[in-house]
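The following blocks contain the structures, represented as structure tokens.
Same chain, two partners: chain A is paired with chain B first, then with chain C.
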Partner chain A sequence: MGLSRREFIKRTAALSAASYVGMHLPFSLEGKARAADADRWVRGSCRLCGVGCRVDLGIKNGKAVALRGVPESRTNLGYVCMKGMLFYKILGHPERLTKPLYRSTKTDKFKEISWDQALDIAAKQFADSVRKHGSDSVAYYGSGQALTEETYLFQKIMRGGLQTNNVEGNPRLCMASAVGGYLTSFGADEPIGGYADIDQASCFFIIGSNMAEAHPVVFRRVMKRKLDNPNAVKIINVDPRISPTSRIADMHLQFKPGTDLAILNAMAYVILEEKLYDEEFISNYSTFRQSKKVEVDFDTYRKFISDYSPENAAETCGGNITADNIRQAARWFAKSNGTVSMWTMGINQRKRGVWANNLIHNLHILTGQLLKPGADSLSLTGQPNACGGVREGGGLCHILPGHRLVKKEKLRNQVELAWGIPKGRIPPKPGYHTMAMFSAINAGKIKAIWVHCTSPAQSLPNADLYRKGMKREDVFIVTTDIFPTKTTELANLVLPTAFHFEKTGVYGCTERRSQITPKAVDPPAGARPEVWIVREWALRLARELNDPVIKKCVEPFIGKEESFDLPKAIWDEYSQKLTKGRDNDLRGATYDVLMKMADGVQWPAPTEEFALTGGTVKKFVRGMDPMADSEARDDKPYQFYGPAHPDRKLWIWLRPQQGPAETPDAEYPFYLSTGRIIDHWHTTSMTGRIPELMRANPYAFVEINPKDAAKLGIKPGDMVEVKSRRGTNVLPAKIYEGPIQGMVFVYWHDMFEDRMINRVTKDAYDPGSKEPEFKICACRIRKVSGPKPLKPYIVS
Partner chain B sequence: MKGKILLVVLLILSVFLSACTCPNCPAKGQPGVSVQARAADHPAVTEQEKLMPCFECHKEATPEIYSEWFESGHGKGMVKCYECHGTYEDMKAVPYMSVCAVCHSGQFHKTVDGKVCWECHPVHSFTVHN
Partner chain C sequence: MPIGGFVISIDPSMEKPILKNLERFGDIEIHGTDDSGNIVAVIDTATSDEMEKLVKTLSRMDGILTVGLTYFNAEDEIEKIEAGEFVPKISFGKKNN
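The block that comes next holds the complex of A and B.
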């Protein structure tokens, strides 16, 4: 059983390829060991993914020393993942930014300046740009990690103060197609049900999601359901790559990338052919749509779907797809007592991501696998506040707070009235969406941009193209962050901010659930909460532009103490004035209520009394959702009052199969796909600084199917060039029966230039949601050498 | 080197075979090892080797333990070795029980006095009860 040193080293070379070049990674489990010693525990949410796990942060002598899950929380039932259990180490991390840094030109070195100087410079640069080039020459690019109070205040200043809708954020890169799918299928954004359905489901349809790594705590809940009911519960995993999620699946459908729409239509075919649909549900609650304005009948849909026989789909999809397993999947889906679908980026980051979302929803509408316990079409969110802050708080170029569309004058006027600013102040035209915004920077149309809590220099597809624009000297870039990133490297002004638990605010997770995280410890000296930064910046902007309306935007917040009173006043304004009567009514979710709840409140929650019950577990269901009662138009149990469907119906869409924007050819014969790994989150600016996590996955690999590797003479650990029409990476090879033959897969978190895969990905995007197709492009691969020394890398 | 690796294997085996009296170890008659079994007892590894997941070696060095973990809820849920045992610098063959409490704090407080978690939930396979 023992292993010789020689064998050990031999396998080391074969498996990991990498030698080590001087990086000290001190390892410590001290925090866990000292957990019992904490002086006090402060309850809040996890800072990382979109699951919304509730955690207690252990404090000793004013410092964060430990973390544990909250057993009574309905989101995580006490469990946390390895990232979650270690993120407290970011508080007080020695590499935190603590001084505003400035340089007038991007070739200069940064120098430390005071907060007064920094805010003056930021105000002058934005004001100069507005004066010289107009309101649309400035932009805000935010984050699904920003607190709702932060996103709300930023967009208020941009729209009401500076009169531009150039308000965007990184959720455009991950969730926009899900938004488009929910709006066009159900008439309202965000899921009908939530995690509670997992505990009652009999079938899980997981497509385009490696939730075992990207959402480990929700995966655990699915896993438990399966392990407790091994025969009664079926799990279907649909993905071109076999991943750790596949381990609990009864069936893994592995298909050629970009043929997912054909699989989904083929399942609908079987549901029609075998009469597995719920005729009463369809006739009561749905219509069929060819386009927004063209309604068709069931027969037209049936004719459309006749092209997608399982036999045809199997031919289109390749891989291990057979007509029989499509039929089996459709039967399990339709006949179960409750089916929950779950998906993330594999569906959303597609040229036709909205259509793919529609086709998942179609299956639920056709079979009536909705609105009942254990059934839901549940899009998993990637970031902790993409739903709460950005989708609900008005953080995208086309939406205002409270799920209002910019283009609707009546809705703009409601917001102007709530803000006490002149009617017509908010411009009617939506701003630049993310890819258009960074294209406008390339074209010199945007002269000043504020990048908050995100790193587009690493996270945009085809990143080199957009980094060129960000390097322009005529574009002034302000960043607010806690650590140096690939984007702070391109900034003029870097402002150090408080981190989670160093300030107070609300996150809204996947399942319409808003949860508060109060300040528990002081931020490092010099770092400030963003709400304070934006307020002070806005007051200077008002002076620079001599515009009292800008001051009016922050007037309710002047003089408020920054760690609690200020965010509370912002939340009060947003929740009481902007969500009143909207489908995300949060009036009952006051700070008082949120502080009392172990796990927050699910909207709609119009009153405090209702919010204290936990809120709405199932949207649109009378007796469960107070708005389904107050908005009811008839006696039916389900009431679809969402703002996007005036007919109050669910829409079944006729959406054809459509492949990716770029497919392999003789020159670039492989598909490239990218994804996540359990130890890291996003760009590793946080997880890469936690030694345990960095060591667990120190750099990105390229996963290659063993058959492809054998053909190309690539062995484990060899250095492999991955080249597309846009850029090149050189990464160590992992030979793995994961990706389908003809496809390679690269983790996207690595900051090192040669392993930064977004230099290779393609920036085509969905024409509806404007979300880029990160998941598919064409590339070629070749071995460039045997194993080489590698070094984990983080921007310092 | 072979000797050192053998030592680690023996230490881990001793989780099942031996008993001790330290506060973090199983009660009399239950399997356990000394918490003193830690980094110093692991074969020396280079900085490069520290960047490998523990299981890459332990798949062969301790295949039974690897299999128990891999098939367990922890294995399926990707709760990796280092989350409980740490790694080289501060490796603990028997983790502190407070490690369990990070995720299982609800159950942690229900633990029978004088017993440790793995007295009832066998190490690495973590079935519900022995």
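The block that comes next holds the complex of A and C.
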């Protein structure tokens, strides 16, 4: 008897799941193949977080109708989370932007205009600003969600064309401290290993990360490793808040926010005291540093660390921390066959985020828990292309493509040569970092800014302060996005763009892996790929400013078809010319190779032949990393050739405990921390439009420890005012044994003014990485009313 | 009416009561189990909203460790949205609040 179409799809679903666990089902679909579920499948990456899961998008009649994980993919082994499963709905969402919108003053209503008009206006505004106020009066603010080709082309026009390094992006708000940590500890950005280490690790050290919610597919992998080896594998979770991640932990260290540097130093204390360090590894491959220029010896480090006895640290840290559990954590970490540390914003978004990163790396260097299978110090990225596009592609004010520092003349000249533009064209001074950029807008120093694929009006800390600047009539704001956002509300020109799978490009995820997503469906009529927008804008800019060098910047791309040939030409230029000989050598990762690979390529991958093997699983290891061989200076198995450490060593840092910029006091007695929830991602302009996700968590709430709630007479659902020195929110209460006593926690996805927590957070930032301390500030809370019916809010 | 293929990972010692619990949900078809605590299931709900809720409920059940998706098809729902037969309950206007 023939199967009904639904029955066929159900069997397809069952067989797909069964194949993951090697289970045989009493039926097969052999000989019954038909296009019941999709006409064709297009392979790409999920766009909704930094894990980089590979998916096949099922297309039927030109529409995306289905999604399945890619089992051969080393990033996700075929699993996908619910958020990833639903993102395809964005593709056909009725509220997508499809027409360029313009208003000359921000109090006017937007009117629809043609693309020609829009591009003319954008070019004229930027050109006018450069003519009247100089090159540094214009800026670009991009995103870790933009494709590498987009970030690369934008920054090329800004630096090579308009001669400003005012190029920034939202990874400054989430990853900059991790970059600083890797550079200062290992001499090179991005992790040494990757997800493959999870499958061989015996100890997981998860700190400042609720990965169960923020990186669910990686969490699944950790959980699988634990379940397969329940006694041999230990999981340590270090966080002031009990989260779903703590569920699988053997030990959860809960402490007073901002005191974790003391815990990390105390673990190092135990490692020294109990001689758990790897003496040979330390003497072969590391040095001790007090500062970049001051090298010290092991004894000085020992002396420094002597202040951090577990007993002292337990006193500093409070919570449930005891000297015994610090000792136990250090032993598990040091003695395991392989330890993987993982962290996210709890470590990065801190006044001392770089130091916190250094102290995690210290533990790995001291114990030699690096470079071998199952051991790595692995910073997880939040966005799908913070690594690939922004960190590697030159998307921050101080870096050029290929991990080159702006301030180094030789490196600037290499870029100028590659671009065929005059020597000295790229200015030597780094541009404004994010917080300085928005302060410059407040001060009226920036007159035109292009905001791409992100919403700083909602995502900057102390948002009210910076929104004031964005509201200025003498600041012209262009935005490129797929939906209206809090920032498009403040823009003069809103340009509708193609979404993921509606255009082609490359993302680089957490583990140095570049993966291509080709166009699978047409964008809604009127929306265009950004690379086309930038090219056309640059050609107009060249005319406006009568500057042939600007035209030169896009010359190789003129006339290319926009959905594949154009991004391919941009990628070719970037990968072949700008990564050649750099530590992120991507020359082997051509579009041809990337299209062939189930899961992309890990750099360095200097040749196509090597890229086709998947690339470099472990950096710096001879025999695994071709650059460790080509750059070798001796016959040691590990070669640290990263650009930031001329001594080719790993640096163990002497970094003291330092608390947050603002601590609770009599007036503001609580710590406030913020974070992401599984169903939402960043400012909800995408996920907020997917009803399933909105219904699950329609609005932000404030999590309060039951003991604090009892003291303040707050009951579940009561409306609670959360007030800091900067702003106020009113949110419903969730009474929950999550945050430690004395701390409240708010999710940061809500767009409604009263529940937009970044109006309350503090804009202090790390002096090294310039990443703001979103994670910790002081606040006070009080009940304002009983429960109230609330509705979700999305900008329309 | 979306259809999802799932691998539900459970504590193997709790297989019997968990399977019994799962039977209570009419939308879940169990296709197989193994000794390592894997259950292969197909979930077929009226809307993807319901599927999401159900997955959340399952994730919280005793003995269930993860609910992993491998395949998802929402063709019927998309057709309905396009035909205007299925209107999402939430409207996204700024006047909502």
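Following the convention adopted for this analysis, the second predicted complex is superposed on the first by the 760 of 796 C-alpha atoms of A that agree within 3 Å, B and C clash if a C-alpha of one lies under 4 Å from a C-alpha of the other, contacts with A are read in each partner's own complex, and residues count from 1 in each chain.
Here is the rule we go by: a residue touches a chain if its C-beta (ideal position, glycine included) is under 8 Å from a C-beta of that chain, and two chains touch if they have at least 3 such contacts.
For clarity, every value in this text was computed on a predicted model and none was experimentally measured.
Enquirer: Once chain A of both complexes is superposed, is A:Leu67 in touch with chain B (first), chain C (second), both, or neither?
Expert: Both partners.
Enquirer: Quick check on the superposed pair: does A:Ala778 touch chain B, chain C, both, or neither? Answer first, second, both or neither.
Expert: After superposing on A, A:Ala778 lies clear of both chain B and chain C.
Enquirer: Looking at A:Leu227, would you say it contacts chain B, chain C, both, or neither? Reply first, second, both or neither.
Expert: In the superposed model, A:Leu227 contacts both chain B and chain C.
Enquirer: Just checking: does A:Gly58 make contact with chain B only, chain C only, both, or neither of them? Give me first, second, both or neither.
Expert: second
Enquirer: Touch check for A:Glu213: first (chain B), second (chain C), both, or neither?
Expert: first
Enquirer: Which holds for A:Leu380: it touches chain B only (first), chain C only (second), both, or neither?
Expert: It touches nothing on chain B or chain C.
Enquirer: Do chain B and chain C land on any of the same chain A residues, and which?
Expert: Of chain A, residues 9, 12, 15-16, 18, 20, 23, 25, 66-69, 71, 78-80, 82, 85, 220, 223-224, 227, 692, 695-696, 698, 792 contact chain B in one complex and chain C in the other.
Enquirer: Going by the contact rule at the top, pick out the chain B residues touching chain A in the complex.
Expert: Touching chain A: residues 1-2, 5-6, 9, 43, 46-53, 56-57, 60-63, 73, 76-80, 82-83, 86-90, 92, 96, 98-99, 101-107 of chain B.
Enquirer: Taking the complex as given, what residues does chain C use to touch chain A?
Expert: Against chain A, the touching part of chain C is residues 1, 3-7, 9, 29, 31-32, 34, 36-38, 40-42, 44, 47-49, 51-53, 55-56, 65-66, 68-75, 78, 81-82, 88-90, 92-94, 96-97.
Enquirer: Hey, which residues of chain A end up touching chain C in the complex?
Expert: For chain A paired with chain C, touching residues are 6, 9-10, 12-18, 20-21, 23-25, 37, 58, 60, 63-69, 71, 78-82, 85-86, 88-89, 92, 95, 220, 223-224, 227-228, 688-689, 691-696, 698, 752, 754, 790-796.
Enquirer: Over in the complex, which chain A residues touch chain B? Could you list them?
Expert: 1-5, 8-9, 11-12, 15-16, 18-20, 22-23, 25-30, 32-36, 56, 66-72, 77-80, 82, 85, 212-213, 216, 219-220, 223-224, 227, 244, 247-248, 678, 692, 695-696, 698, 792
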